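Structures are listed in the sections that come next.
Shared between the two complexes below is chain A, which pairs with chain B and chain C, respectively.
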Partner chain A sequence: MRGADYVIKRLGFAVVTVFVAISLNFALFRLAPGSAVSNLARVPHATPELHQALKREFGLDKSKGAQYVIYLKQLVRGNLGVSFENQQPVSHNLWVALKNTLPMVLLGTLFSIVLGTLTGVVAAWRRGTAVEGATVTTALGFYSMPTHWLGLMLVILFSGVLPTGGMTNDFLINPSFWTHLKDLAAHIALPSLTLGLVLYGEYTLIVRSAMLETLGEDYILTARAKGLRPWAILRRHALRNAMLPIATLVALSLGYIVAGAILVETVFSWPGIGRAVYEAVLQRDYPMLQGGFLLLTISVVFFNLVADLLYFKLDPRITQ
Partner chain B sequence: MSLLEARELNVWFDLEGGGTLHAVQGVSFALEEGERLGLVGESGCGKTTTALALLGLLPSSAEVAGEVRFHGEDVLAGGEESVRPHRWTDVAMVFQGAMNSFNPVRTVESQIVEALELHAVAEGAVARARAGKLLESVGIPADRARRFPHEFSGGMRQRAAIAMALACEPSVLVADEPTTALDVMVQAQILELLDGLCRDFGLALVLVTHDLPVVAQLCDRAAVMYAGEIVEEGPVERLYHSPRHPYTRLLFAATPDLADDGAPVASIPGAPPRLDRPLVGCPFRPRCDRAFGRCAEERPLLRRVDGSRAACHLNDVPA
Partner chain C sequence: MRRAALVLLVLALAAAGCGGKSSKSGSAGGTFRIGSSSGIDSLNPYVAFNQDAYSTFQYVYPILVQYDATNKHFAPFFARSWKTSDAGKTWTFHTVPNAKWSDGKPLTAADAAWTINTDVKYASGGAANEAGLVAHITRADAPNPTTLVVHYKQAPGNVLGQFQQFFILPKHVWSKHIGHKGADLKTFPNNPPVVGSGPFTLVKYQKNEIALFKRNGSYWGTKPKIDAFGLRMFSNDDAMISALKAHEIDAVEAVPATGIKTLKGAGFAVSDVPGLDQTDFIINSNPRKLHHRELLNLKVKEAFAHAVDRQQIISVVFLGTAKPAYSIVPPSTGAWSNPNLKPETFDVALANKILDGLGYKRGSDGIRVADGHKMSYDVITPTSVSSANRTFQILQPDFRKIGVQLKQKALDATAAFAEMSAPNNKYLNYDLALWDWTSLIDPDFMLSVVTCAQYGGWSDSGYCDKHYDAMYSQQQLTPNQDARRALVWKMQKYLYDHRPYIWLANDDSVAAVSPKWDGFVNTPQGPFNELSIRSLTTLHKK
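Moving on, here comes the complex of A and B:
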């Protein structure tokens, strides 16, 4: 069965990729200059003994090889270690940050996918008209805007109308479920919009070129000759084929949702995973970094796998 | 009243760098029930553009003037809306052998069924059964219907495309280079198939090709196109034995003869004129071996000359 072969091959490939990424991450952070201990020991009257004690406590006195073996062993058991920074389990830290990031980035990405696909299809369908020109120019404009700049512009534009920082209004005491939800929606609007606007331009351009390529295919002419109406041609013959490259792009960008958006999270003080990883880099918080990158790797590899399987489902020509 | 008639068909394309290309220049011909017409000429002479114009299939960047009449009704008069009901039910089309007439992500069956259901010929299980029958009529086992186009060979794909064209029992089949890019054995099979189907179903055929032997084998009449216009049109034997236009004569002479080994392949020196500027005189004059003074000044019109039509001043000169 060729289909099963394909799936097994893809799965095996995904597992190997994750393992390689784990090992690289482990080595990478230890190659970086500076150390976690010198950060933590930066207190008045710190002695070399304190240094040694901290090193022992975090297991940094062992050889790199031994550390690696311990890391792998614990990882297999699902233990991501304890953050050097706040002494909490890494998995707990990551979970808190992820819970904050996911809704915001997911909303922004969905916005960009829907808007980008629509404008891309319209631009291709209305090729050579003013509609295409306006669509492409707008998309290019947003695509080329620096994220933080667009974020700041939106802050200027909407300050006073929408909250521009944080996730919730801390002055709401014991809010009802609906009040809380409304508050959250107001806070999520600007960061999501910023992210969505920056991402949508890319979708427009890629969807447009994929559609144009498809519309030039011979079977589109055949469909016209058969007497199909434009809408039916678009729906039954063009979209499905144009979706092939778009599906990959969507899957890949979903993979990066977990990475959060450092710039957006910084501008809007969003306590998400992008910021958590950024702070872990500053603190040389190895377990936190390894955990964050592991999450990112698994997410990217997983969605890549989804893209491959989707391709397999969408395109009957793929057999190996 | 003719089955299908083109009257003074003109097509212009806007060029990217400005200017227009007059791709089809006043083409007129008529096709009777069950008749087979070959449209021949070298690349770029406007034969494919003419074929596409018959079904209103040119891109929106093309400007079309003239009439295409089906049973006397001008199908192009009302734009897309007036021509769409005639597509596939009255006039169906088979494209180049190399072309992918089938959508690669859908089964061959579903694409034949699509045509059947669209024109309310059949639906559901009946339509699927009919798709199988159609495939069998072109020599493809019905159990292959559920396969995807890439699982078919080039020849099979072209057979399936022909089967799809016959789905709604059209009265005219327009075949645009149906055997180009297929190997010789498959070409012969496809031609035989077309021949048989036209006879069995009483189909009229417009065969667009640059391959003269194919026209001679398959068609009753032929129209020779040059620089966007028909320069000679008539019964195939007459064109072959007594051409009334030098281009027709030279074109037949340029067909290599396998039996006559050693003979050099004749060609017509020069190239067709550019069509993005007005033509003065006879378009073929620079390449003609019998041009004379009048050819440079006056464009010859297509006129009746014993049993065929030709556009050449030589026909006015007493032999």
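Moving on, here comes the complex of A and C:
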């Protein structure tokens, strides 16, 4: 029963968070100076009528309150609206960008989780040795690098070896499945690597810190005294008990996957959701911004909820 | 979905016989791949905003006239000939006979008449994007399949200039999308394969990724030599240059100045021609501006003009790929640019002398005082203008030498325009800004941006002068092109003296192409442009 209360409470909190975020998203973007109309009315043969027509069309001639009510009504019907920029449904625009983003960001994030966990464990296990120093210094080095700078360095380094822009070679004629797959893998390598390298340092530090804490516990000493092999101690007793902060970090990272990676997407001309939202900011494309941030809100709230529920499973103390 | 689209594309290209294989003749066929940092925002002419979108329409849709090889005079395109009557109020075009759309339906003058009449009918609604192109038109008729008659309220001065930008749409496709009083014109996505009738058909488009054009087998003009061409979008110039060097693409339509040396060294043909882009230093010239009204003084503006080191800007910011700018209509427009105007000399002593003469004495900090306040101004710089930061860094110390303090205020373009036009499009508050303009060949557009009617629209200088506006209206209604040119020159001189802008640099249009290709024509608007279809129809393999 206590468990059910916990789940209901977390779910309720998630729903309230999403609603508050929806309202904030609506208000925040409209507080930014400038409007979509001033941009889109600037075509070479524009007339004052275009300015007025766009205002009417976008509903910007209505009061903010009326716009908010219309937005909420649309949302209830599952309608995210129509993009000011290309007049296509926001859900379509977001889906196109999101399905481009997900493989690249997911790959980079997984790479960072695996590499970060490994290096974190090694650093903790080899505490006080040169191995720890080298591992932590390297991780910190990558963590502190500006993403776009690292991306540009990789562009220069791998120019001519790996593709430096785009998702696929769209000029490939009649590619077999394997050719297409190889092409995709070649294109995804550098952006995912950039993202993975920049992110993995955070995991290294968190895992190292959590591992150091558990390695100092009495039960580890007991395990050693019992003559268990180091690998068994590490895997069964130390790492498992260090999972709580790692699970939180993984959940947070996964939640942000739908935000894309704007710097990586820009450097590697990756047509993802990060760039789509950035362009929407520049254009003051309110429906796209509201849709993009709603998606991000739901994703972050969802993965936080998953983390909360995982805690419930991982740490029985929570329900006590 | 993506995979399915790829397969369809492959089948389409295979059917066209390109297949990526080397051509037997060694000079025809093949797919030409262009790198672009601009991109196509929409395939719908009633929605599109970016230049690459307009260049796309140039290759896909029939247009009555295009520019000739000099890019200065009009040449026949879908209209083979034209004449005027009724003192310039009626224009008759004779169009290509037996032409077809890419779906096999006949293309006639009736399509042109329908597009014009639709744009006139919905000018304040769904077709507002095109309204300026049909200004003064009352109606268009097609008495037979090859004759188009356009009737005007008054005889306009730039009919061909307007029709050079006017895309004729297939009536049988678009007439289904005029619902909701024309509003549906804007929601039609016009997805590939786009029904067109230009030398190429757009067969694939993915925003921010790729646009692929296949040679149109039913095109009524001289057929292109290549089978297809593609526009690949890059959001990073360095990656685009790397892709060209690695032969992932064959050409770059706008080479950044920093990439020129690298590409020349790697054996690419780099073409550098005078362009239509100009950077400018804007002085808020609204006669009703509230603060720092000394900036309205023409002598102050003249002093500022002499404190601008254009050569330094050109060599540092543009690495030599620009010319000093001095008029709102750049020289690459040909005869429209007033040849009697010259850039002001960089002369700090003269600038100081002018300001001294106005009685603006320096304070203890070296900053002059005008009408009781320091000559210290914010300069708004939009972050989207890549040259603005370094240009400001050159201007700031030079202006300090004449006792004027400049402070940079960087904003994104939308916020910058909002700040400049505040409050409520009255341009009352801001002082100075840096921005740029891209001119068309016909001067009407550039001359319009400083009219009072453009407050809240294109105006970024707040300039509003009834005498200038009268000249602008007069040139719009002067059919005699010699008389119109004289008036256009006079207007440039007027603006040169009133200085809503101090023109800085006229950037070159720089394109690079692989040595494996020949016939790639660069223009003031780049090789993939909305001036003509020349570049990609003359292109062929070496």
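As a working rule, the second predicted complex is superposed on the first by the 310 of 320 C-alpha atoms of A that agree within 3 Å, B and C clash if a C-alpha of one lies under 4 Å from a C-alpha of the other, contacts with A are read in each partner's own complex, and residues count from 1 in each chain.
One rule holds for everything that comes next: a contact is a pair of C-beta atoms (placed from the backbone, for glycine too) under 8 Å apart; a residue touches a chain by one contact, two chains touch by 3 or more.
A quick note: this is a predicted structure, and the numbers were derived from the prediction, not measured.
K.L.:
Put the two structures on top of each other at chain A: do chain B and chain C fit, or clash?
P.N.:
Once both complexes are aligned on chain A, chain B and chain C fit side by side.
K.L.:
If you stack the two complexes on chain A, which partner ends up touching A:Gln74: first (chain B), second (chain C), both, or neither?
P.N.:
A:Gln74 contacts neither chain B nor chain C.
K.L.:
Look at the residues of chain A and decide whether chain B or chain C touches more of them.
P.N.:
C
K.L.:
Who does A:Gly166 touch here: chain B (first), chain C (second), both, or neither?
P.N.:
second
K.L.:
Quick one: is A:Arg275 in contact with chain B, with chain C, with both, or with neither? Answer first, second, both or neither.
P.N.:
second
K.L.:
Using the superposition on chain A described above, determine whether A:Val267 touches chain B (first), chain C (second), both, or neither.
P.N.:
second
K.L.:
Output check: A:Arg224 vs chain B and chain C. Expected answer is one of first, second, both, neither. What do you get?
P.N.:
first
K.L.:
Compute the least Cα distance separating chain B from chain C in the superposition and give it as a whole number of Å.
P.N.:
The answer is 46 Å, the least C-alpha separation in the overlay.
K.L.:
Spell out the part of chain B that touches chain A in their complex, as residue ranges.
P.N.:
Those residues of chain B that touch chain A are 55, 57, 61, 84-85, 87-89, 92-93, 95, 99-106, 114-115, 118-119, 148, 150, 161, 164.
K.L.:
Where on chain C does chain A make contact in their complex?
P.N.:
Touching chain A: residues 2-3, 6, 10, 13-14, 18-20, 31, 33, 41-42, 44, 47-49, 123-126, 128-133, 135, 162, 165, 183, 186-187, 189, 204, 206-210, 212, 230, 232-236, 238-240, 242-243, 245-246, 248, 384, 411-419, 421, 440, 445, 453, 456-458 of chain C.
K.L.:
Going by the contact rule at the top, pick out the chain A residues touching chain B in the complex.
P.N.:
Interface residues on chain A, with respect to chain B: 128, 217-219, 221-229, 232, 236-237, 240-241, 314-317.
K.L.:
Enumerate the contact residues on chain A facing chain C in the complex.
P.N.:
By the definition above, chain A touches chain C via 32-35, 38-54, 57, 82, 85-88, 96, 99, 152, 155-156, 159-160, 163-167, 169-171, 173-175, 180, 265-269, 271, 275-276, 281-284.
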